[in-house]
Each structure stands twice: as structure tokens, then as C-alpha cells.
Amino acid sequence: MKITKAVRRILDQYESDNPGTKANLARMLMAGRLGGSGRMVILPVDQGFEHGPARSFAVNPPAYDPHYHFQLAVDAGLSAYAAPLGMLEAGAASFAGAIPTILKVNSSNSWATAKDQAVTAGVEDALRLGCSAIGLTIYPGSESYDGMVEEARELIAQAKSVGLAAVVWSYPRGGALSKEGELALDVCAYAAHMACLIGAHVVKVKLPTDHIEQTDAKKAYAGSDWSTQASRVAHVVKSCLAGRRLVVFSGGAAKGAEAVFEDARAIRDGGGNGSIIGRNSFQRPREEALALLERIVRIYQGRE
Amino acid sequence: MKITKAVRRILDQYESDNPGTKANLARMLMAGRLGGSGRMVILPVDQGFEHGPARSFAVNPPAYDPHYHFQLAVDAGLSAYAAPLGMLEAGAASFAGAIPTILKVNSSNSWATAKDQAVTAGVEDALRLGCSAIGLTIYPGSESYDGMVEEARELIAQAKSVGLAAVVWSYPRGGALSKEGELALDVCAYAAHMACLIGAHVVKVKLPTDHIEQTDAKKAYAGSDWSTQASRVAHVVKSCLAGRRLVVFSGGAAKGAEAVFEDARAIRDGGGNGSIIGRNSFQRPREEALALLERIVRIYQGRE
Amino acid sequence: MKITKAVRRILDQYESDNPGTKANLARMLMAGRLGGSGRMVILPVDQGFEHGPARSFAVNPPAYDPHYHFQLAVDAGLSAYAAPLGMLEAGAASFAGAIPTILKVNSSNSWATAKDQAVTAGVEDALRLGCSAIGLTIYPGSESYDGMVEEARELIAQAKSVGLAAVVWSYPRGGALSKEGELALDVCAYAAHMACLIGAHVVKVKLPTDHIEQTDAKKAYAGSDWSTQASRVAHVVKSCLAGRRLVVFSGGAAKGAEAVFEDARAIRDGGGNGSIIGRNSFQRPREEALALLERIVRIYQGRE
Amino acid sequence: MKITKAVRRILDQYESDNPGTKANLARMLMAGRLGGSGRMVILPVDQGFEHGPARSFAVNPPAYDPHYHFQLAVDAGLSAYAAPLGMLEAGAASFAGAIPTILKVNSSNSWATAKDQAVTAGVEDALRLGCSAIGLTIYPGSESYDGMVEEARELIAQAKSVGLAAVVWSYPRGGALSKEGELALDVCAYAAHMACLIGAHVVKVKLPTDHIEQTDAKKAYAGSDWSTQASRVAHVVKSCLAGRRLVVFSGGAAKGAEAVFEDARAIRDGGGNGSIIGRNSFQRPREEALALLERIVRIYQGRE
Amino acid sequence: MKITKAVRRILDQYESDNPGTKANLARMLMAGRLGGSGRMVILPVDQGFEHGPARSFAVNPPAYDPHYHFQLAVDAGLSAYAAPLGMLEAGAASFAGAIPTILKVNSSNSWATAKDQAVTAGVEDALRLGCSAIGLTIYPGSESYDGMVEEARELIAQAKSVGLAAVVWSYPRGGALSKEGELALDVCAYAAHMACLIGAHVVKVKLPTDHIEQTDAKKAYAGSDWSTQASRVAHVVKSCLAGRRLVVFSGGAAKGAEAVFEDARAIRDGGGNGSIIGRNSFQRPREEALALLERIVRIYQGRE
């Protein structure tokens, strides 16, 4: 498999990583229909943990089966599949080698009493399951942030030492942040930056609005036009160590297909590296989901 | 990447292995031009350790450069590239993700005073270098066998625990074995069997002659026709847990291209899983080597 | 490189440290334009973590790129560059050997709800990134002090055991301390002393005012003239185990160049070992920053 | 060095300790002018941590230098020198072998918001610095007592496992205790007893008054004459496992020399094992301190 | 205890060691009648392991009792007592603090089939038994040398990390060495040098003859007069990193007292640091042994 120049350039940015981690980043970047383009579409299925099975899967009952998601990701030609331990254990052998996987190593749930995540899997699990990366969530701004970030940095360091990559979901919430502020441009950029600073290889954030939350930051954002999504994506990309780290954006709650495509175009035009699309894919019937993913791939290929 | 049925059947035989190890076996079985066929051609370059650099590379000077071999394996569309630590360290980052690699973790050398191998790399090296497998040599029959096999079983166990595969070079020598006996059919089959018994995923042996070395074994081999290479390969395959383990055959010293092709046809027809071809490839000029490897691939594809 | 007598004398004070730690202290003390003088100017870039990327870098956009800061520190001939994990990972290979680096292993951020810092990197990261030291912050006086100092002493012990140096940012805040008190002379001297007592090799404090915060300490400070900055620096130096530990002073928020130079002269005249200058350098355009750092170096050289 | 009978008898009481710990107790009991007598005078210099450098050292400025205290303890012929990490690191090599040292592994400070101590050094530090013992403080009665005592028992267990001794400062405070009660006879005896119960080899308490704090305890103390200091010391000694554990008494705040001598005589007459004298020695000019310590030694020798 | 200048100078040579190791070297150098002189006499009792109890002790039956040897070393005012685990365990508590001890951590025995030693105790044993050092034997020239030296370097590294010293018995034997060669000057100097190179603090070798064993070395030794024992001792001392490491000489098999005294004078005059005297002391009746050791001490004091 000849590594493309686009991917080669990205790998070169990870100059402190060992060849094992680079190879796993390459596996994700070379897999599927977007392989070689420097863009990625990832299927995450941790909603069972976060919202419970019925809220996640009843709308499309075949999705109760862990194999369903592996097959969907393979058939749609995606870059990687991310899920918690049990979901991967139930299919990793059947789909060994078929698609890069990301083990989500911490999780929250609907009954949690704090804005925190529990560590629910480890780096050694990722190795025995043949994963290319671990994934984990931090909540910047939360009262639990310090503990979360300390767990995160240890897991990331372990992953790196055994040649795995680390994908960090950085979701600001809690503390002094307003609800609107959780999606503010300054907050989103800061959250992405923090993920980079603790050593993430790939950052996942939500698409930001043009709200500026922090009074102290208003001056730094004044004088620029943040009205387009693409300009906001570009600012987040710059906040990810001037584009030296991969950043992908989540689709959020299930919504209309056109809105999903518009997001993808803005991510592409702003220089983002792709999408993580969970509920918007697996909560649709399989054929509809495949069609939707097909069009997202075409958008990232610049074909529409 | 859809795993083919041929590969799926092979992976299913490794029923006690974790998905990580299966994924790495799948990576080797799905890589290159033979990807998906259940056959493999592997490039091994440990001759610098075994015979010294000049004897190995002077005949084709570009081969002094570790990148030469990575590039050769990629360009020839091979299944994997196997080499000692230093050779991999010198290219693993540049070729991260381009081809599955096998870290040879023990080595002998021309000055060795015992029929033994020194452990010269570890499983942690294989992880940080992004390898799919470790490779190691045992010498059944040697006075050093006990120590070698103790080291081997520890390295194999470690590799399995972190999702790597283990390739065992099983070369009978020393002790009561005659020189002719090292290649005897009964000895070769026994050596392949021992490698399986200590947990190898892939066994590498030399192509056996029709000599039977052990007096006690003569009766068991009587009454069958061992005159064809394919029949002898088939016996070795059967000795590898009835074909439940992959077995590849080494090409031996540099020789004429036609002899190499004949070997490959015999391996194919006897049900062997492929070839490990070192000196017969990298000691030829690059274009000649690529042409030779192209034809071997075509043989395993059943096209000539 | 001949170690100068001034540096030799300093190293001899670290009489319980292993040669590895001494060598890393020597690297910082012998680097850059002040190399050999016993003085240091260090560039710290942890403001992205502390204040977010836009507030830190928007005023001088090239500073979004981690390579910018490495280059600035090298070009200005500084003694060391200090930054969080992600910032160092993104440039440590490109600038390997170019300048001593300090990995900041704990960090706060603008949204923190407690006066605390999270551990965001480890000693093993510092080793793999080739750092000379770890850096960490404690908040004497804070409700979180006990936990912070316990984390600190473990990280410091680990760093020492593998031959790294430890730089401790000691910033009094919280608890019963008044806002004015955070910069009080008695408070600053006490904070520097505590950093020494937990084993810091290099202490970083803010320049103190002549305010005396603690009623119980007033008597000890009575009868001396603390009106000059140099006299206050000298008292802090004495509080650092009678000058047996290096102490550098931070520049605080961005301000006019003349004020920065005046600070440096006071640090020099009071016997302090140098400056840590972040926002006052990288928030200026590069040429202006280089000119400013050039003058600071000249001040420490006693040339103006 | 022939161990004296007095010391032999003391060591025999530590019947569950390994020979390493006994040897370190012997080192302290055989060192200095009181060596062999079963009495000890220990110099503790942790006041810089507890009260800040100026309040501790400004009255006798040479005391800012860590070497000053090592030299004072050696020249006065004391039994041991106790200090926090930084103070020992700054002199342990220069004074290696010259006097037994005790590493104070936890510390409070003037700004602490809770009645607690932070762990600021570890057992491994004590080993690498050549210490004979670790020292640590507990606050019986404090809201933080449980956490402190759990840390203490772990540190004590570690110290014992590597042949070190443990000295416990037991200072009742906080919770329901009145200010007067902190020095009450019943409280002091109880605190000393608790230190013994968690495994201390040497207990350090303050000299008690004849106040009885606990209503429930009044009956037990009724009918005896507690008017003399010696009688109260004798009660504390009895509370230390019937004299099977060494107990030394602290001198408290700086005071007149005669008061110090009177304390020493009472400790001696009550059967206490000696004094820990910090501020009353190092806050005096060196010659005066040496003269004072000389007289204290003579008192314990029964010569005045 | 004021460390003498002679000892201070020796300790300063161990510039890479931590204060703990320095303190343990100081303990041995300051103990007993030679304390402070820079010379040492050590009692080793590992002959029970090496030659069996009867061959070792029957000639002086009280020597069967481990306490006998502790008492002998204490009464003779020796610098240290060295023995295997069981011997120390049986007396370390009774003699805690009375004399520095050295735990011999490897051992051979009369029935061994290879010129090798088994590791029979560990560094953690040395700590719990209150030892100042570990002792171990290597056999340069032996077929087992590589394994022995690998074990040795690990044990030495562990000892150093916890503040212990390491004494290495370096006895050339086996391989190509002739019997006469085992005591040759060039061989002895080389063996002492190897011990220093693997990190020994104290080296123990046998007194060399004037034979030169190695053909290649003859030229280097030509032109000098090696006829006196003192000149040969001086050469060994120089081979111990130019006198930067302590070297003591063993007395060999039991022999006449005058021969023992002559050896001691030669060691002293050649600048050696002392004697290790086992069989020549404990195989004599106690009073005779004490008289002999008394005279050896006087010789090292320069008094006869």
C-alpha cells in the first residue's frame, strides 16, 4: 500500500511519535473510500452507554447487534469504527483486519450524578482487540476536569508507548459555562487546544456557533467575521497547533440529511479533517444510512 | 477492506487467539498482490546479522540501505517484511502503514561458538515499531534447544498478550543430527510440528528432501511416495496441526530463477502458504528482483 | 564545552543529585547567549492552556504554530523553552538538540473551578521528548495545596531518579491570602522557600512588592529597607536555601519594554538567576521580541 | 563500636523490628556526646516550612544556610538532625556519615487552611539520602486525622520494610479539643499512645501541663499528684507502651535558657528519653547555641 | 562524628553516588580501630558456603556459631563483617549497630560443576538486615563470566539506588587462564579494573605474583621492576581507576602469622586500602586471632 503524499504530510507532523503510532494513524488515514485523502469519516457507537440501548437502537432494531455497526462501517467504506469495550469484544474477531477500530476507554451514562466519565477499558484491551487507537472524553470547564485530564494523560501516555493513537472527545460543559457557551467559538477552540496540549493525536469537537462566551476573549475575536461555519472550523483547526493535529467534528443529535451535508461541506472548506457521525447514521435504516454516508464521502472527496 | 472467505477460514483456525492477533494475521494475509488469497510472500532481511554485511549486500550495493528493502517489498506487493531491530528502526517511520512488518527478535551470527541464537529485540520494540508480528528462530536438536525454547515460549506468550502474531523459523541442527538430516523429511516435519506446539502462528521451514533421518521413523514413512516436492510439502502442512497453522518455506541460498519458480509451484501444489525469499530477491539487481517476485506472485495466483 | 567556574559552583550546590540531573542543569546553564554566566532566560509557553489559544496567540498569529516558539527561543539564544505536552510533541523532533526543554507537567485553565492544577504529562513523557527538566506549579495557601504538593513531590522524586531537573512555579494564592498578599515580600520568600523544601532545583516566583502580609512575620522584616526591588530579590534568593538553589522571576502580564528591562536589572542586582518571559516576548511581533530578549540578555551580561 | 547495655536494653524492646531498623535506632542512640546513654538530643529544622524562612532564620541569618544546621548538630555532639527534603538534599553529601539524619516526610505551613500535613518526601528519598529514620506529624483530634494516620501507617510500614526507623510527632489539635486541652496531660499521654499504636519507634510530644481535658478521663487521673513536670513526663513515658518506646519532648517556642534547662531536668527525672530542640538552639547565635546544647547534654548525663 | 580529611577525600572520589551510598562507605571507613585512616580490615565468613562447614570450622569449633564472628569482628575493632544471608540473619539483630555488615549476595560451593556463582540473597535482604553494602564475586576469564557480570551489574545498580555500597570479589579463573596465571600481576590488575568498570565501590583481589600471564601484555610490563609486593600492590591500586576506588586484598589460605603481617605491610606500603582476612583469623583460637588482628591494625596504623 503506497502511502499518499497527503497522508505522508500529516504523519510527518506527528514528529514525536513512534513508528507504531504513526502506522496506526496511517491505517485510519489509508482505510476506506477516503483512504489517502487526509480526510476521515468515523462511525462512533457509544450511545448505548451514554443514553441507554432503547433510546439508541429501538428506532432501528438491527442496530442492537454489535456486528451491525462493524458491517455498516465496512460497507460504507469508513475510516474507523469507535465503540466501548463490550461492543468491540462482541465483533473484533469476526471483523479482525476489516476496519481500524478505536476503543472508547471512558464513558458516561444517563444516570451519572457528576459531569464526569468513568474509565471503562484500558490500553491492554485495545491491544488484545487489535485496535488502532483509544478514544476518550474530557469535559473542560467541569468540576471533574482535573481528575478526568489526569486519567486521560496517563491513558494517552500508555497508548503512545505501545504504538497506539489517541482520539480525544473534548466537550466543554459544567462549571461557569453557560449552556450556549458550550458551543461558543472561543470555548470550542480552547477545548480543542487543550486536547492537543494533553497529547491527543486526533481531536473531536462539536461544530461551534458564532457566540463568544468568555468576556476576556472578546477582544481577541473582535474585528473578524465569524458568520460562516467554514471560518469557525478554520479557527478551530488553527487552534489545533496550527493544523498540526487532526480534528474531526461531531454531527450532534439526529437531524435532516441536508443539514448533515452542509456541516460536512463547512468542515471540508474550513480545513477540518472529517466527521464523526453516530446517531445520524445508525439510527437511520441501513440502506438510508449507507446512502447518506456515501454522499458525505463524496463531499469530502470534493465531488459535490 | 472486506476480508475474503479464504482469509476468513484461516483466521477461524486461530480460535484461541485474541482479536488483536487475528487482526495482525489478517493484515499480513490481506496485504499486497496476494492479499485475500491465503498465500503470502515475505521478504526477510536478516542475512546481515547471520552472514555479515559484505557477504549479504556487496553483490547489490543499494541493499546496504535499509530503505531499499522496505521499498522493494512495497513495490513488489509482498505480504510482509521481516528484519532485525536495527533494520526496522531505520525505516519504520518512513514506511509506517505501507507494509506489515515482522520484527526478528533473536539472531545468530557467523562467529557464534554455539548453535544458539541471542535475543536481540523484544515485544515492546515490536509494538513501538508498529509491527504485526515477531519472528524468532529455534534449533530443534541443538544442545542449546532447551534455553532457546524457553526464551521462545516467553516471547510468544508476550506477543500474544498484546495482540501480535508469532512467526517461528524452525531449523533443525546440531546434536545427533547429520548434515543431510537437517533437511530430511521426517526432521523437517518434526521441527515444524514443534514450532506449532510452542504456539507459533506461522511456521517457517526449509523445503525438505526425501531423506528420512531417524531410524525409528523409517517405518512410518515407508510405503508412501515422497519423490515429489509437493508431496513432501503436503506432509509438512499436515504436520502443522493438520493445516491449522500457516506454514511458509524458505528459498535457501541464492540460485537460478527457474529453481525458485519450481519451488514455488511445489509449495503451492502441496498446499503450503507461501515463500520467504531473501537472498534470492535482494541479492539480484532491483529490476531483476521485481521481475522474479512478480512471477512468484503469479505462480501463487495460479496464473503460471 | 568547558563548564565555567560560575556554573561549576552552582552545580556543586546540588550535592545530593545524581550526575544525570547535574548534567541537565548544566545543559540549561551552558545554553544560549547567557551560557556559563549562571544566569538564565527561559521562554515559557503554557498560556494556551491557561488562557486559551485566541487570548494567547491572536495578537501575533504565527504564534499559533508550536514551531514558532522553539525557533524564537533558539534565535534569541535563550537558556531553555518550557511548554505543555502537546506543544513540545509538535516540535521536539524538529528541534532535537537545539535548545534545552522543560516539560510543564501540570496545568490549570481559565475555566477551572478550584485553585488547583491537573497533572497533564509525566516524567516518562519528558524522557521520550528529550527534556532537561519537568516544570510544575504549586499554589501555597490554596485549599488544594496539600494535594498539589503531594503530586509535586512524587513527580520531582521520579524526575530525579531518572536524571532530570525539576523547576517549580510557586504562586501563592487562595485561602487566607489577600490579593495584595499574593505578591507580598514575606509571602513570596516563603513560597520560594517551600519550593526548595520539596526538592526543586529551580524556583520560579513573581517579583515581590514591599508589602508584608503576615502579621506574625512583620517583626522579622522590621528594621530593614525593602524599598528597592533588588533588595527584595536578594531576600528571596537568601530564602532559597541561602542561594543554594536557582531562582528565576516571572515577568507577569504583557507590559512596556522599559518595565521589563527594569525588572531584569533588579533581578540581576539582587542576585537572582534570571527571568522567565512568556507573554512579554511571544505576544510581540517576532522582530520586536528578538530585540527585547537581546536587551534582556545584555542586562544579565552586565552590559547595560 | 560496642553497643552499651543501656542501648542494648532499648533495642531489645523493638522485638518485632528487623535488624536494619534496629541498627538505625542504634546509630541514633550511639551517636554524639550522649551516645550509649539511652538519651538523645535531636536538632529539628522544619520551621522554615512551618513558619516561613524570615520568621525562622532572620534572627540568626547564618541559619538560612542548610549547612549551618548540619554543622551545629555535629559540633554540639547531638544524636540526630531532622529536616525536610530540601534542607537535607542541600547538605547530605557534604555531611555523609557525620550524623544520623531524619527525613521529615510531611509538613504543614502557616497558610494551611486545614489542620493537616502534606506528604512532601518519601521513604525512597530517605534511602538515597542515607537517613536513619523518617519523621512525620499526626494531629490527633483533627478533622484530618484519619487521612493523616492512613498516610502515616503506609509510610511507617514502608520505612520498616527497608530497615529505617520512624519518628512520629504527635500534636493534638482541632476538633473538639480546647486550646488549653492541646497541652493537657491526658491528651498528651493519649496522643503519645496513639503514635505508639500506629508503629512509631520514637515519639515526639510537647511537655504537658497538669490540665485534664477529657471529662471521662478525670476520674482516672484523680488521686495522683501531677504538679511536677517530672511526674507528668513519667506518665507519658508509661503511656508509651510502658516505656518500651522512646519518647522525646519538644522545647516549644524560643524561651530563656533556664526554662530550657528546667525542662530537660524534668524530662530526665521523669524517665523521658530526651529533647528535640529547634528554635531554642538555631535561633540563638551559634556560640550561645553550642553553650546551651552543651549544658543540656550535661543535664542528660546527670552532671548538673 | 567528625569525618576525617582522609575519609573525606575518599568519599569525594565517589562523585556519582547518592548521599546514602556515601554515608555507608563512610560508616565502614569510620568504624573500628582504623576508623578515619582510610584503611580497612574486613572479616569475611563465606567459607561455609564455599568449602562446607567442617572444612571451615572444625579446626576452631566455636566458629560454627554465627555470633562468634560478629563478636570477633567487634572485639578486634574491624571495619566491617561480610557473610552470606543465613550467617547475617542469625546475628544481625543482636549486633545491630555494632559493626557495619556486608551481605554476600552470591556464592559458589564445592560441588559446583561450572566456575560460576549462584545469587543467594538480594538487595532487599541487605536493607532489612541493616547492611552497609552488598558483596559479590565475579570470575573474570571463566566460561560463566558473562552471566555473572550481568547479575552483578543489576545487583550493583539496585544497591546504589537504595543507598548501599557494593564490594566486588574479583577472582580470575577458568577459560584460557593457567593456574599460575590466576595470580599473575597483569591478570590481577585486569580483574580489579573490570570490577571497577562494572561499578564496584570496593574491590577485593588476591595479592599478585610477579608472573605476567598474557603474551600481549608482556610489552606493557617490560622495563619495570615488579619484584616487590608493594610495587605490585601499587600497580593494582593504579588499575583501580588511578586510586579512585578502594581496593582491599585477601589473605588467601591459612598461613603463618609472620607471612600475614608481611602481606599487610606490603599492602600498606603499596597504597592498598586494607585486608580481608577470613580463614587466617577465624580458624585460629579466638585469643590468638585477636592478637593477630591487633597487630595487623597496628601495621596499617604505621606503628610497626
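All chains are identified by letter, namely A, B, C, D and E, in their written order; residue positions are counted from 1 within each chain.
We take it that a contact is a pair of C-beta atoms (placed from the backbone, for glycine too) under 8 Å apart; a residue touches a chain by one contact, two chains touch by 3 or more.
Computed from a predicted model, the values in this text were never measured in an experiment.
Participant: Counting one step for each move to a touching chain, how far apart are chain B and chain D?
Facilitator: Minimum step count, chain B to chain D: 3.
Participant: Using the contact definition stated above, find the chains touching both chain C and chain E.
Facilitator: Correct list: D.
Participant: Computing the C-alpha centre of each chain, which chain sits at the greatest distance from chain D?
Facilitator: Measuring from the centre of chain D, the most distant chain centre belongs to B.
Participant: Please determine the option from C-D, A-B or C-E whose contacts repeat those of A-C, over half of the contact pairs being identical by residue number.
Facilitator: It is C-D that reproduces the contact pattern of A-C.
Participant: For chain E, which other chain has the most distant CA centre?
Facilitator: A
Participant: Using the average of all C-alpha atoms in each chain as its centre, how far is it in Å between chain C and chain D?
Facilitator: Going by mean C-alpha positions, chain C sits 36 Å from chain D.
Participant: Centroid of chain D to centroid of chain E, CA atoms only: how many Å?
Facilitator: Using C-alpha averages as centres, the distance is 39 Å.
Participant: Report the inter-centroid distance (CA atoms only) between chain A and chain D in whole Å.
Facilitator: 57
Participant: If a residue has to touch 2 or more other chains to count, which residues of chain B qualify?
Facilitator: Residues: none.
Participant: What topology does the chain contact graph adopt: line, ring, star, complete, or other?
Facilitator: other
Participant: What is the complete set of touching chain pairs?
Facilitator: Touch list across chains, by label: A-B, A-C, C-D, C-E, D-E.
Participant: Residues of chain C touching chain A in their complex?
Facilitator: So the residues of chain C in touch with chain A come to 48-49, 51-55, 58-59, 61, 64-66, 84-94, 107, 109-114, 116-122, 124-125, 128-129.
Participant: Would you tell me which residues of chain C are touching chain D in their complex?
Facilitator: Those in contact with chain D are residues 13-17, 140-143, 145-147, 149-150, 153-154, 157, 161, 172, 174-177, 186, 189-190, 193-194, 196-200, 214, 216-217, 220-221, 235, 238-239, 241-242, 244-245.
Participant: So in the complex, the part of chain A that touches chain B is made up of which residues?
Facilitator: On the chain A side, the touching residues are 1-3, 7, 11, 18-27, 29-31, 74, 88-89, 92-93, 95-99, 124, 127-131, 161-163.
Participant: Using the touch rule from the top, collect the residues of chain C that touch chain E in their complex.
Facilitator: 15-16, 18-19, 161
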